[in-house]
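Take a look at the following structure, please.
We call the chains A, B, C and D, going by the order they appear; numbering starts again at 1 in every chain.
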Amino acid sequence: MKFFEKLMSIDRRVIFLFVGVALIVPLFLDIEQTIEITPEVQTLYDAFMELPPGSKVLMAFDYDPPSAPELQPQAITGLRLCFDRNLKVIIIGLWPMGPMQANLALETVFSEENYFDKEPIYGVDYVNLGYSPGNELVIQRMGSSIPATFPRDFRGTSIEEIPLMRGIVNFSNFDYVFNLSAGYPGTVEWVQFAVDRFHARMGAANTAVQAPLVYPYIGTGQLTGLSGGMKGAAEFEKLTGFIGKGTKFMLSQSFAHMIVVFFIIIGNLAYFVTRGREEKKTG
Amino acid sequence: MKAFSYSFTFYCLLGLILLATTDGLAQVESSDSLLSPLLPPSEVIAEDHPGDAGAAIIVRWKLSPDEDRGVTGYEIVRSTSPTGEFSSIGFAAAGSNRYVDANTEDSLTYYYKVLAIDVDKNVSESELSPPARSSPQWFNFHLLNLLIIGGLICGAVIYFIAHAKKGKKLFLRKIAGLEAVDEAIGRATEMGRPILFIPGILDMDDVQTIAAITILGRVAKTIAQYDTKLNVPTSRSIVMSTAMETVKEAYISAGRADAYSDDFVHYVTDEQFGYVAAVNGIMVRERPATCFYIGAFFAESLIMAETGNAIGAIQIAGTAMPAQLPFFVAACDYTLIGEELFAASAYLSGEPKQLGSLKGQDVGKIIAMSAIVIGALLETFFAISGSSFFGSLAELVHKLFSIVAS
Amino acid sequence: MRRQIPVVITFIVGSVLIISVFIPHKPFGQLGENFSVYFDIIAVFAFILGAGNLLRVHGNRIYKKHKDWPYSVVTVAGFTVMMIAGLFKIGGSPGITGDLTEPGSMFEDLYMYVFTPLMATMFALLAFYVASASHRAFRAKNKEATVLLLAAFVILLGRTPFGVELTSWLPDPLSFLEIPNLASWIMSVPNMAGQRAIMVGIALGVIAMALRVILGVERTYLGADSE
Amino acid sequence: MDSVFSHTIAAILTIGIISFLYKDNPLYKFCESLFIGVSAGYWFVQQYYANLLPKLFDNLGITKLVGAENAPEGALQALFLEGRLDDNLLYLIAGVLGVMMLLRLSPKIGWIARWPLAFTVGSSAGLYFITYFQSNAMSQLEHTILPLNSFNNLVLIVGTVTGIIYFYFSKEHKGVFGGAAKVGIYFLMITFGASFGYTVMSRMSLLIGRIDFLFGTWLGLVK
């Protein structure tokens, strides 16, 4: 059985090619996927929908470019949902590159065709306060005074001059906190400090690796909702109706997963066929 | 991170139970919450937080009798004078009866009040707490158990080191990955190809890197005898300096000072993936016959091990990063799993006192296993019989191992 | 002497740090934190040695016209340009305390368009390597490997839509056999047991290793005696 | 920078790294060399701004001394202006240790570089001793002490204990003990399989990001 022996020692580059194709092709396909909505994402969406117009949402961008494929679509969906519902958005970051990711997300939102009631204005409808070093201590400081923690926005404007920031003292002035997290500091710290200590209402989007670590907080109600990984991104997009990259990427990811499973099966099949001939021994 | 999430799950469960109880009760009785005004929490006590460096006061109170009727939480306010202005310092969830104010000055006296808040944002204020002052302590009694168990294990390690120094024979089983080291070096010599040693990507302030350097010392000594080329790219400067010294020493003690070159060890870059790019390049160009990946690794583990696999090198890995172990196990010929990494340098040295410390480690394992088994049995007896005797014994075992966070 | 003093330093620093955990009072309480700051500072100085080594290695290659010498020019140039762009904040606001990664500065541009794509792509190679490693390593070669394969396969399937549908027909009493449920059981029970054994082992290994170092039994890292 | 130009550079570098999958080639060598140089330069700058400046110069007051605006007062100001010994003066020790590290370059007194090294190794041995002991040993054990009243608890306890037996050094893996160690190996294998399977999936998304950059941001083929 030459064929199976070949399969046993298949050139890794063939596998690489399959993985590449599996990831690329779906980006050009328009396949209807059945995306089932999980309860965690539904409650996340509901939490946004329950906020009356004009409510203030704190968005914390705690990730950097390598995690962007999973989190950027969720950030974009979150921002569009807020602007669509006339919610005010205050952006901060505990990761140095976070606020930059926020700016990229805003750029994407504004570059697409939107049907917002009115064009969001910087400083009135949204603001980016930038990055502050200190990890979870930043959250703690925000609990006592946000103006002291973020005296300026990322452009260097004093927040006294920003209309949206007027009257914002601590977490009691926010109606919702939405955290996009790829690790530490991230959702765990936000729950410990903003939710447990300062009673904020909060939902989160996480990378697939992170999501299981924060899953327990949903059961306890510390998180109102959670959207995890590419699948969460796709669900969130489906709920809001803003179909974006999350849905597209989800398809790519499913294809790639199937390729991996396929190669494992092939590898074992080949192994058993060739070994079975040699020694008639299977385990 | 892992440890953290476990304990967190535990607290979440606890929270869930509390929430469920309070929630259930709230539903039953919330209808009459409008009838009477919200009652405040009572018996507010404030005292120095024990076992710390000062600057913290712990506030305790008796829950509001209306806890079951829609109290959503408590706000803690403080002032430096009983009649002065009180300012908010934080919140505690419904059902909790303590709060640590970790922002006090030891020279000042503080007064506290606790405010119950309900769903309708009604607020009801407690009586004033007695005055409190924070102060630092010289011993943290919360960690007494750590001292006891740590002392036991350290004692065992030191005892066996001393014991072995006297020349007593100690039996230690073989570790496959370490048995293979000589063979792997020999193979490289036969093939006339270099040996690559990757000491992880963390700096000397990580204990895995220290283990890696000590193993490098032993391995280099063998390599010196074989007269094979060694290549040690490092991703940290201090690791580079240390590795140079260590390899040099190994060559000198093997009597091959002449064969040593400063070029064996070189710095590449601190950047994780830049370092991997360079290591990949070295692998495909120099085609080492043997690759060691010993130390702390992250996502790069698989990139290196797969490239090493592609060039057909014998690969020996060792790390205490639980998340990377599976990749090494899958792609390398031998993997030193966690503890074996730290034991490796002692094994390879063959010195009795080093080996003695491994016996001490085993005593630690016996303590760990007995604690689990005895504790579990006591818990089981307690669960079956409900006898408070077993209950308190089980609690004692638990306490012995619990780390109290402030 | 030269070898004794370092051993004494290690002993004092190590044992004081261990003891200090039990003493919250100043100055012991903060020692651990302070020492890690000290380490960061020492590392900066050491970095001069590292960078010097990098330049020496590549300088030598250029000088000796090693076969890949033009690439060494690229390395040296990349290092120099990045360093100058950062230290002098070219295109950004000058002064010691200005923001380093100011939008529009040369350092930021290099970070965004050179450093980030290289880093992210190198990281992304993992997608290929996990596939080839799974193909090769996940084979039922023996009992251990079979157990590994089965655990991995259940988890893998549990995360694909296909795997979820594979067992969704199971009746309620058997719902624990549904692949997603099986996957989460593996993660939270046997996986956790294995993790705990590994972690306890690591802790004991670290303790013994640290004691060997602190007591001066292990001093390989100190290097050569004669100089 | 012009975005088409900068994206093209980023795209070439992306392709260069990916090309290594096929085989080593000049473009990869170029990217690799550039990556090493640029990242070492990046860390050099970061070391300066994130460590040396705030941790040594600010604490000692050197930043203020050289006339930087809004720099904090440091130990030197406290000493010379107020005649007070500030805690931050201790950072001078770190500075001295750092300089000692550099003396390695001198053949005569190079041995003094072992002092900062001994300090480093001693402090990490001390620190890790405690942190691993607390979070890896103690709290893991505490959470494993469970009543044997459910199948899951039983599996958890058997798995942990047999896993620890596998690591036991002082006894050959034979007989009953060997059997227990064997069970332990199975548990370790499940652990490795599970975490591998778990990570495989999350790694795929990394590549999607790069592909999207190439076909979307750069070429504009994917919307």
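Going forward, a residue touches a chain if its C-beta (ideal position, glycine included) is under 8 Å from a C-beta of that chain, and two chains touch if they have at least 3 such contacts.
Please read all numbers here as calculations on a predicted model, not as lab measurements.
Trainee: If you average the CA coordinates per chain, which chain's centre is most distant from that of chain B?
Mentor: A
Trainee: Which pair wins on C-beta contacts, C-D or B-C?
Mentor: Higher contact count goes to C-D.
Trainee: Could you tell me the distance, in whole angstrom, between the mean C-alpha positions of chain C and chain D?
Mentor: Measuring from centre to centre gives 4 Å for this pair.
Trainee: Go ahead and note the Å separation of the Cα centroids belonging to chain B and chain C.
Mentor: 15
Trainee: Can you give the whole-Å distance between the Cα centres of chain A and chain B?
Mentor: 28
Trainee: Counting only Cα atoms for the centres, state how far chain A is from chain D in Å.
Mentor: 24
Trainee: Going through chain D residue by residue, note those that touch at least 2 other chains and give them in order.
Mentor: Residues 17, 20-21, 29, 31-32, 35-36, 38-40, 42-43, 101, 104, 114, 117, 120-121, 123-125, 127-128, 132-133, 136-137, 140-141, 143-144, 157, 160-161, 164, 167, 188, 191-193, 195-196, 199-201, 204, 206-207, 209.
Trainee: If you look at chain B, which of its residues touch at least two other chains?
Mentor: 3-4, 6, 146, 150, 205, 207, 210, 238, 241-242, 245, 268-271, 273-274, 277, 306, 322, 325, 327, 329-330, 337-340, 343, 358, 361, 364-365, 368
Trainee: Could you check chain C for residues that touch two or more other chains and list them?
Mentor: Within chain C, the residues that touch at least two other chains are 21, 36, 39, 42-43, 46-51, 54, 116, 118-120, 122-123, 125-128, 130-132, 134, 136, 138, 143, 148-149, 152-153, 156, 159, 187, 192, 195, 198-202, 204, 206-207, 209-211, 213, 221-223.
Trainee: What residues of chain D sit close enough to touch chain A in their complex?
Mentor: Touching chain A from chain D are residues 21-22, 199-202, 204-209, 211-212, 215-216, 221-222.
Trainee: Residues of chain B touching chain D in their complex?
Mentor: 3-4, 6-7, 10, 145-146, 149-150, 170-173, 204-207, 210, 238, 241-242, 245, 268-271, 273-274, 277-278, 280-281, 284-285, 322-323, 325-327, 329-330, 337-340, 343, 358-359, 361-362, 364-365, 368-369, 371-373, 375-377, 379-380, 382-384, 394, 397-398, 401-403
Trainee: For chain D, which residues count as touching chain B in their complex?
Mentor: Chain D residues touching chain B: 17, 20, 23-24, 28-29, 31-32, 35-36, 38-40, 42-43, 101, 104, 113-114, 117, 120-121, 123-125, 127-128, 132-149, 153, 157, 160-161, 164-165, 167-173, 188, 191-193, 195-196, 199.
Trainee: Would you mind writing out the residues of chain B in touch with chain A in their complex?
Mentor: It comes out as residues 1, 4-5, 8-9, 12-13, 15-16, 19, 72-73, 89-91, 93, 306, 310.
Trainee: Considering only the defined contacts, which chain C positions touch chain B in the complex?
Mentor: Residues in contact with chain B: 21-26, 29-30, 36, 39, 42-43, 46-51, 53-54, 57, 118-119, 122-123, 125-126, 129-130, 132-134, 136-138, 148, 192, 195, 198-202, 204-213, 215, 217-218, 220-226.
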